[in-house]
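Each chain gets a letter, A, B, C, D and E, in the order it is written, and its residues are counted from 1.
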Amino acid sequence: MKKYGPAALIVLFLFGLWELVSRIINLPFIFPPPSGVAVRFWELKETLVLDHLPSTLAIILLGLAISIVLGVSLAVWMVMSETAERAFYPLVISSQMIPTIALAPIFIMFFGYGIWSKVVVTVLITFFPITVNTFDGLKSSSRELRELMLTMGGTKKDIFFKVQVPSAKPHFFSGLKVAVTLSVIGAAIGEWLGAQSGLGYFSRRMMTQFDGAAVFAPIVLLSVVGIALFLIVKIMESKSMKWRKLK
Amino acid sequence: EEGAGEAGGSEEMQDVSLMLDWYPNAVHSFLYVAEEKGYFKEEGINLDIQFPANATDPIGMAASDQVTMAITYQPDVIVARTEQNVGVKSVGTIVREPLNRVVSLAESNIKSPKDLEGKTVGYTGIPLNESIVKTMVEEDGGDPSKVELVDVGFELNSTLISKRADAVVGAYINHEVPLLEFEGYQTANFDLTEYGVPSFYELIAVTSDKTWEENPELIQAFWRAAEKGFADMKANPDEALDILMANQETENFPLEEEVEKESMAILLPLMEGEQGFGYQEEEPWQETADWMKETGLIQNDPVIDDLYVNMPE
Amino acid sequence: MREAVLEFRDVSFSYSGKKPILDQFHLTVHDREFVTIIGASGSGKSTLFRLITGLEQEEAGTIRLNGEAVQSRHGRTGYMPQQDLLMPWRTVLQNAAVPLELAGMKKKEAVEKMTPLLTEFGLSGTEHKYPSELSGGMRQRVSFLRSILTGSNILLLDEPFSALDAITRLSMQEWLLDQWEKREKTILFITHDVNEALFLSDRIFVFQDTPVQSLQEVVVPLERPRTLRAMNDPAVLEMKDRLIDQLRGRGTVR
Amino acid sequence: MKKYGPAALIVLFLFGLWELVSRIINLPFIFPPPSGVAVRFWELKETLVLDHLPSTLAIILLGLAISIVLGVSLAVWMVMSETAERAFYPLVISSQMIPTIALAPIFIMFFGYGIWSKVVVTVLITFFPITVNTFDGLKSSSRELRELMLTMGGTKKDIFFKVQVPSAKPHFFSGLKVAVTLSVIGAAIGEWLGAQSGLGYFSRRMMTQFDGAAVFAPIVLLSVVGIALFLIVKIMESKSMKWRKLK
Amino acid sequence: MREAVLEFRDVSFSYSGKKPILDQFHLTVHDREFVTIIGASGSGKSTLFRLITGLEQEEAGTIRLNGEAVQSRHGRTGYMPQQDLLMPWRTVLQNAAVPLELAGMKKKEAVEKMTPLLTEFGLSGTEHKYPSELSGGMRQRVSFLRSILTGSNILLLDEPFSALDAITRLSMQEWLLDQWEKREKTILFITHDVNEALFLSDRIFVFQDTPVQSLQEVVVPLERPRTLRAMNDPAVLEMKDRLIDQLRGRGTVR
């Protein structure tokens, strides 16, 4: 309680300020007061939670799952094989420099308005942090420890599982935390570009109805999704790294 | 960026920013003609023309006073005003009948709205277009619930030719349709008004309540210049076209002269009513609002008088 | 004479671009010998171990383990590095068990095998502590235990007892000698404690100026088993003084 | 040369494949061949480089600069004061869970079509990695070293500059690398939502013109910007951390 | 008697939730004394230093430095920790210069002050190396040098020479004694080498079972300056044996 006191105070203050400013400038269609958003959220709760949340959640989870599988596999491959590293690492890095997401409108043309075009956008935006963090984490393991394992006759596999994986965990989880938050953004952007349901779509659509409170309401839900995913990652992280708590 | 300042000071130039409904094309020729010929200058107006990135930006930007005026769609103004109390009102019509069509590639073999059953229709993200499709399919004896609608943003033509949708609604008879033909695609299109949708004003000019209250002279001055521009455009469409072509956004939005020429021919008869350029009748406002209420686009009863004002003669 | 388990023949080595550390170096250690290496700080003792374990590659010459010049020397020695190098994410028990894991031993069996050793090493009660909760000497003992558990016939111990108090050290030394005899190991032992070298080893090698060509060698003239009191024997004291002189770089031993 | 051989080969192969597939499916307006993109790029080079590049670059650089200044200041403040940490850290983390970018359309209404709406989007997307990495980096400094500085009479300031800043550098640069790539994406997304010029805007515009090659051409330029920024960060990184090379 | 520079009065301490290490502990060290602390591994010697430096807070009792029970004991001692704790991003010179920097000394002046010391410590030539390029003993000497440069009157040295060979160690010991006399320092010195303790110190404290209440104390009966040969004196040898017995926990010294 005491720990989060200051944060709670600031949040309260910010909400109060928002309510106040919003009432003063009185343009609810672009800047609704939080109370208005809350009311609208309540009114829309069924549509939001039952119709739009599931499709956005599906995009986020599928996108994350694909990114994790692909990103971790690629990172492992690059750590295992120097040729793979030399071939792919520059590509992964420079692929990130290419704002592939700017090509998202074209993916939509390619993959259609179904879930896949949005999953592709989500994967594109989350793949990089997972791959690079996992790879850097695997590489970050102490050279001394790896050498020691070698002298004990450890195989590449042993070194991988007993030294590199534990050393990579903190990095992997950092990457996953970034990816989780980006996945929410990716799904929302994907939905802007063409969709039939989803929270991002709904929000955008309410823009066209000048219903400011209804623009914010799905964002609130998206935030809840983001926070929930983040907390899940945090719990997994602290469960799998008990020894860190000692510090 | 609001062009306020003290009202009507004829010496002082006042800034007016105007957001178009779309990229400059034939329908906007009158503006460019008036600008080119100095009609706006004569009225003491510095005109700054902007283009929107999203279909609803013009109303939003006008309502939040990011721009002085905007060109937009009549049904949108009704929704904004009656449902959300957005303080915008129409100050003149530009195109008096729907240009909006349901367009499909000829090869899709869609002969009437009924054939849309089981097909995918792309729209620009404005719910109005959903209602249009519903009304048309129903009127044609089909089941609107069997039509799948997807929001495709502004990407109407690319959606169509990449076959991501079988038809699109929101495409204009004077732009997308000739453009598709120009690119070599055979199309079929349906006129909304033939299938139960009332004839609404396709394009109108809006300003915020605030601007209208504080500085009606400015809007009137703008409109006088616009009318002069339109008169010239009507009298000499070729010259108007040349001026437009000279003012086009060459790199971002290059215009095909042929397409624009065709567009001009389609547009001219639709831009002037019996009472002249810009004059708004009550009937289309009332009819459109009634239809919108019927189809559930709006829940509240609109106050028609708040929706528009006519310029004094 | 027993057979040679470790042989350096004409081995040269330098850290890339730095001045050479070994130059045409020779060394032979026989089976079941206990050899101690002493020498000035920075003279290359740890480097010698890195070469034997295969962590560094000789630039010229050959290094033979158990009579063969194998491709990879990894996994053929029990190496205890100078720093303790415990894994911070593993408890004491888990850290010490690494070599057993590598050998594929079951967890339960490993715990059974280690528990008595932990007690002998004065580490009982710390089984489930993490390295950051241990004192310096405790960490060193865990690292020592781990190198023992590799089960190799050649043990390379780099200052294994430097952080231990005299008593703990003594009991570890006694334990080590006991194991060395019972299990027929060959031990190379780096220390800077001349007493320790004299107490433990058959031969003492002295690292002098780099680049090293061959080591000055001292055979310790004591019978086994040795007692601490024997260290105060005038002959030993004199040898000790001579060794120290030797380290100072003045005069030779024999 | 030899080092990047495999990567270069793969890139060549990918381009070849792209050219081939593109020619086979023959839908140049959504999937133009690289040769077509190159030709179009050459044709458009002046518009792209002189008209659109400067405005995008301005957004990116301004956005990054603001993120760095705000992010680093906040991180430092949070490290210095526990109250600030307790007040802001949860906020920074949870602000990231809120897909603020989904509110970007509203920023546009608020800030207009000028540069600021896009700068805000860029800041929103780059602020998080910089702040969190800097903060984590400052915190990651070895407790032992900090304690040692204390025993030597080091003040908070000494510990900060002599222990925490050097320890934070690798983290800060990782964050900056992520931020640089996100800034390009942020600018492009911002421009989709409302702009009068800029590479993202131009690309989107060309979508409506069926000019696939011209959709890709500005993305190529954006990528060059991304790569250039990334390389600058890398150079700064290796200049300021010479000791790391030894490993 | 000289005045007390360090006093523990009724000090109790335990690591949170663990069994207590000090219990109503008493200790007094006088000005310009050289005191050595020996004791079993894990008995709490390093912990004692952490308390003196103020890195840990006593749970009860008071610790007085130079006669005052100050609020914060930070910055009032020259502390050399058991691990070398060099900053990997600084060269040898830069690492050693930290305390001078903290005192606000100019870079050039600091280099001038340190260069002769580096030579005395056998570190010349390594000035611009990074810690990862040094041998274990070299790192330890850099850490030692750094603690000396704090200029405090109280030096706390935690096993400062454990990684040094006999010769280097001897020369460091001689250097330390010399400085101690010239600069009028008070030195607390942890070691596990009883010889070293006898050679260096005025008094030896023995840490026995935790929780510790007070330390067994041995006054070294040797005149200064001492020679290495004096260590082989039967009286000293006997005292050494008794100290070792003492450490074993059997019998008391006086």
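One rule holds in what follows: contacts are C-beta pairs under 8 Å (C-beta built on N, C-alpha and C of every residue); 3 or more make two chains touch, one makes a residue touch a chain.
For each chain, UniProt lists the protein as follows: A, D = ABC transporter permease; C, E = Carnitine transport ATP-binding protein OpuCA.
For clarity, every value in this text was computed on a predicted model and none was experimentally measured.
K.L.:
Kindly indicate the chain pair that has more C-beta pairs in contact than all others.
P.N.:
By contact count, the leading interface is A-D.
K.L.:
What's the distance between the Cα centroids of chain D (ABC transporter permease) and chain E, rounded to whole Å?
P.N.:
Computed value for the inter-centroid distance: 50 Å.
K.L.:
What is the distance in Å between the mean C-alpha positions of chain B and chain D (ABC transporter permease)?
P.N.:
Taking the mean C-alpha position of each chain, the two centres sit 38 Å apart.
K.L.:
What whole-Å value do you get for the distance between chain B and chain E if each is reduced to the mean of its CA atoms?
P.N.:
Computed from C-alpha means, the inter-chain centre distance equals 86 Å.
K.L.:
Between chain A (ABC transporter permease) and chain D (ABC transporter permease), what's the gap in Å when you average each chain's C-alpha atoms?
P.N.:
16
K.L.:
So which bits of chain A (ABC transporter permease) are touching at least two other chains?
P.N.:
In chain A (ABC transporter permease), residues 30, 105, 109-110, 204, 207, 212, 247 touch at least two other chains, as defined above.
K.L.:
For chain E, what residues touch not just one other chain but two or more?
P.N.:
If we look for residues of chain E contacting two or more partner chains, we find 83, 133.
K.L.:
Can you pull out the residues of chain B that are in contact with at least two other chains?
P.N.:
54, 60, 64, 155, 158, 162 - these are the residues of chain B that touch more than one other chain.
K.L.:
Got a list of which chains touch which?
P.N.:
A-B, A-C, A-D, B-D, C-E, D-E
K.L.:
Along chain E, where are the residues that touch chain C in the complex?
P.N.:
Residues of chain E touching chain C: 15, 38-43, 46, 82-83, 122, 133-138, 140-141, 159, 162-170, 192-195, 232, 237, 244, 247-248.
K.L.:
Inside the complex, what are the residues of chain A (ABC transporter permease) that reach chain D (ABC transporter permease)?
P.N.:
The touching residues are 3-7, 9-11, 30-31, 83, 86-91, 93-94, 96-99, 101-103, 105-106, 109-110, 125, 128-129, 136, 143, 174, 178, 181, 184-185, 188-189, 200, 203-204, 207, 212, 215-216, 219, 222-223, 226-227, 229-230, 247.
K.L.:
How about chain D (ABC transporter permease): which of its residues touch chain B in the complex?
P.N.:
27, 29-30, 44, 47, 51, 105, 108-110, 112-113, 192-196, 201-202, 204-210
K.L.:
What does chain B use to touch chain D (ABC transporter permease) in their complex?
P.N.:
Within the complex, chain B touches chain D (ABC transporter permease) at residues 1, 50-54, 57, 60-61, 64, 66, 154-158, 161-162, 183, 251-254.
K.L.:
In their shared complex, at which residues does chain D (ABC transporter permease) touch chain E?
P.N.:
Touch list, chain D (ABC transporter permease) to chain E: 142, 144-145, 147-154, 158, 162-163, 166, 241, 243-244, 246-247.
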